[in-house]
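Consider the two complexes below, in which subunit A is the common component and subunit B and subunit C are the respective partners.
After this line comes the complex of A and B, so read on.
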């Protein structure tokens, strides 16, 4: 590893740490800037449901404040917050008291990560390959028919696409279950039946994400590839008498992919937010559904925890893209 | 300079036409060009921007791309017509028999591959089954032959200077000892010192290989130093071709004469002269000789009848109606010498 590369990696890692630090701090400050008092809210909720009618409100709120550490000075709270984070203590859920937020996130995370990673990779890979093929001069009429299809797919809103898929494949054809991550009656074991069940449930959400994104990648790759194919090094590669396949992959796609990977990095945020939507529609037990339910129930600690989780994972993903980028483009290694 | 005299020419171009299809009809970028070249000969093709030089260079290797289209003619390489080969034959012929030194050497190397990978790529496409050690040795040998240190093999193109990239492109072009090298303005975008070095390297390589070279450029001085034969292109046509000394000392075609005169001299300081006017649009060529609107010698016949290449001196052909009536180019008509942009007798 060259010194340039080492410095590049160190810089990028420093950026990652900085993003996480800022995200955590904002996540700490924002709820405290909001009007209203979480303790009062909690008490009001308690009273609304018929509890705590004849108790000393002052005593109860003092107890709550002490419990959540809200009676300490703000700086001390901030430091405590960091300590809690290092112990992976994100607080407890109001709605599902006394379940810990970290446990809830821990349960939801694998579902989201697997679904998102697989679906995004499939969409990215097939879209890029298709787009590159579309730009190649020998693209036939059959493959060119994909262009309008891709344009239609990218312009259909995500949720509409998901609903259409549910209607056809789950309601009409009954090939796939309409919602959930796994059969509610299934006992989770590491066997084929469970795996198959999980895959069957994941298929439609995955298809929705793939269909919703593949057009974006295909059209982006097509325009990239068209401009790459106009480059002098393609002409020179032809003049070298290279086989077309080699020119396509190693001179064409290889260069067109650079911009695609940048686009991937830039779109990660929308990939995550799009996933929230898909999970809600398919009632998929991932972070998106968790966040949705938490927002509806004003479950502050859960919201805080999930948002923090999303920001940190985005930062990590961007860091990973930054790690991949110098492998793809030697000009970046500085 | 060596001119190996063999009877059979190695490269014969006959009636080559390359058109760019436009809304206003085809732009004839290469218009009925014919010439031939023997092994070891150096042909310099010169012309203004837009005269069809680069289009011609790419057509010689059948690299013409849409909207360009080879509309007719033959490119016979050792008797075989490149324009009629199957894609496979064509692939095998490129680089092995006819190689290109590209115009934009700056951008002719793949930015994401190391230099040796790009060189090996080319060799392996034609000679599969060579061992890695043999390939590495060949790469080092080729780099040395163009005056580069073998250690640059492991570098990426962005780590090389412009001159180094041009040399690297030459190393790739000569890696299979081709019979014909088409060098398309190999020194554009290089400074004069590097230009000279690159041209010397090209000359040395060509001497070693005994290959024929088609050097394309717009720099009369550079071409004159390198070539044995000079061809002048104007508006897609080859209008004048002959031995370099003869072409410069006694130019026969009016256009060649004006080109030579526009070369700045160092002994006699004078105002730089150019050729008044612009080349005609290729979709809308003037009737008769394409050069007639700018030609100080033009007379009635030039505006109606297209001149064909004819012998005007030993080894020299020109497409001009002044011949065969004249032996050499008559003195410029007095009116035209002012170069006032409306040069007509």
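After this line comes the complex of A and C, so read on.
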């Protein structure tokens, strides 16, 4: 590992820590900027809306005030907040008292991560291939007809696409289940039936995310590929008599992909925002639905925990993309 | 006025004003007119809960049907569309305004101010906006369209800041800035009379993008039930249709039309921004 690479990785890691720090601080500060103390407000509102009747509000409130030292100086609260985070103590749910927020997040996280990772990878791969193909001179009329369609798909928020998909494929045609992660009667086992069930439920949410993103990657790749194909080294490769397929993949796509990976890092935030809503629409048992249920039930610590989790996992994802980058671009590796 | 049209025509013939830009603007204009003229033809009381017979499909009596709370969808749509646009525009203006000022300050003065602005905007750019907006919106007791626009605008400035800052850094090195400085213009005068005019294309482009992003965020928050629920907006319509399981029960006229209008808004904004790129950057026009 050279010094440049070490420095690159150190900068990126510093960025990761910075985002986590900012996120945690925002999460701490915003509720405290508002009048009243957060627990009292949340509990009062919970009581007003009748969110959770089976909880002794006064007892919970007193326990929280003692635990979080909400009368303590703000700096002390802040430091305690960090200590709790390091112990993965995110508080307990009001609505499902006394379930721990960390357990709830732990149950939801695998669903979200798998769905989002698979959908993003499919969208990224097919979109980039399609875009590169579009920029190639021999692109036929048939493939070019996709361009307006993709422009439309990219501009519509993909959780609205999800509603349309549910209506046609789950309500009218009944090919796929309309909601949930597995059948409610299913006992989770490691066998084919369970896997098939999960896949059947994941298909439509995945399709919604893929359809909503594929155009973005295709259009980006097309413009990158057009400028790469104008470079001298492409002309030189043609003059050398290299087979077109080799030029397409190793001279064209490989270079155009660099900008795509940068775009991936920048767009992950909005993809996650959209995916949260897709989960809500499909009632998919991931972080998005957990957040939605928590908002509906004014479940204060769950909201905070999920939001924190979203920000932190996105920061980690960004870091991973940054780690991939040197593998693609030898200029950084040097 | 004739001069304006002459220059418009010349630009069109040179290919700077493209069909894409015109189509985008036409779609947006149509939607704005829909919201402005529409109220003259419908009775506002029909959009209130229980005003008409519930759950009627589109037909002779109700052009777009009615929802399960007895509201006429066509009337609702006419009143909801301008509200959603309003929030997008307010958030767009605030976001771009704040973003421009921060970008100018960062680019012009550099140093630690620049460092702080850059670090915060870069960190916020990578965070999923919905996460922070949920925390802010969830802590607000009385939501209204104005408050909603402010909430969304709080995360709508980073992109503009980045663009403006980068442009200021480029423009600062141009020779005409040097000339102005030698002529004795102060830093503020240079900023507003020399740098600003050259930033306009970028600011307008950021504005279109910010409005689009703001509407996206507003509808997202409303779909989560964090909006001003008593107001008529497109996002709230989606939220109520979700609450009543309108998709599963087959009331397509409840969620279908708002989705079409939302899609048209985004397509209009998208085409406008693509077309505007071509207008502001003549190099693209010849492709």
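We adopt the following convention: the second predicted complex is superposed on the first by the 300 of 334 C-alpha atoms of A that agree within 3 Å, B and C clash if a C-alpha of one lies under 4 Å from a C-alpha of the other, contacts with A are read in each partner's own complex, and residues count from 1 in each chain.
Note that in this section a contact is a pair of C-beta atoms (placed from the backbone, for glycine too) under 8 Å apart; a residue touches a chain by one contact, two chains touch by 3 or more.
Since we're looking at a predicted model, the values are computed, not measured.
Superposition of the two complexes onto subunit A shows subunit B and subunit C fitting side by side, with no clash. Of the two partner chains placed around the shared chain by superposition, subunit C is the only one that A:178 touches, whereas subunit B remains out of contact. By the touch criterion stated above, A:251 is placed in contact with subunit B alone, subunit C being left untouched.
Judged by the touch definition given at the top, the superposed model places A:243 against subunit B, while subunit C stays out of reach. By the touch criterion defined above, A:328 reaches subunit B but does not reach subunit C.
Counted by residues of subunit A touched, the larger count belongs to C, out of subunit B and subunit C. Look at A:272: by the touch rule set out above, it reaches subunit C but stays clear of subunit B.
Of the two partner chains, neither subunit B nor subunit C is touched by A:190. Once both structures are overlaid on their shared chain A, subunit B and subunit C have a minimum Cα-Cα separation of 11 Å.
Subunit B contributes residues 58, 61, 63, 65-66, 90-96, 99-100, 102-104, 107-113, 121-122, 125-126, 156, 158, 169, 172-173 to its touches with subunit A in the complex. In the complex of the two chains, the subunit C residues touching subunit A come out as 119-120, 122-132, 134-136, 138-140, 216-217, 219-220, 223-226, 238, 242, 247-248, 250, 252, 255, 259, 262-263, 266-267, 269-271. Residue ranges on subunit A touching subunit B, taken from their complex, read 137, 231-233, 235-243, 246, 250-251, 254-255, 258, 328-331.
Subunit A makes touch with subunit C in their complex at residues 15, 18-19, 22-23, 26-27, 30-31, 34, 38, 41, 151-152, 154-157, 159-160, 163-164, 166-167, 171, 178-179, 265-266, 268-270, 272-274, 276-277, 280-281, 291-292, 295-296, 303-304, 307, 310-311, 314-315, 318.
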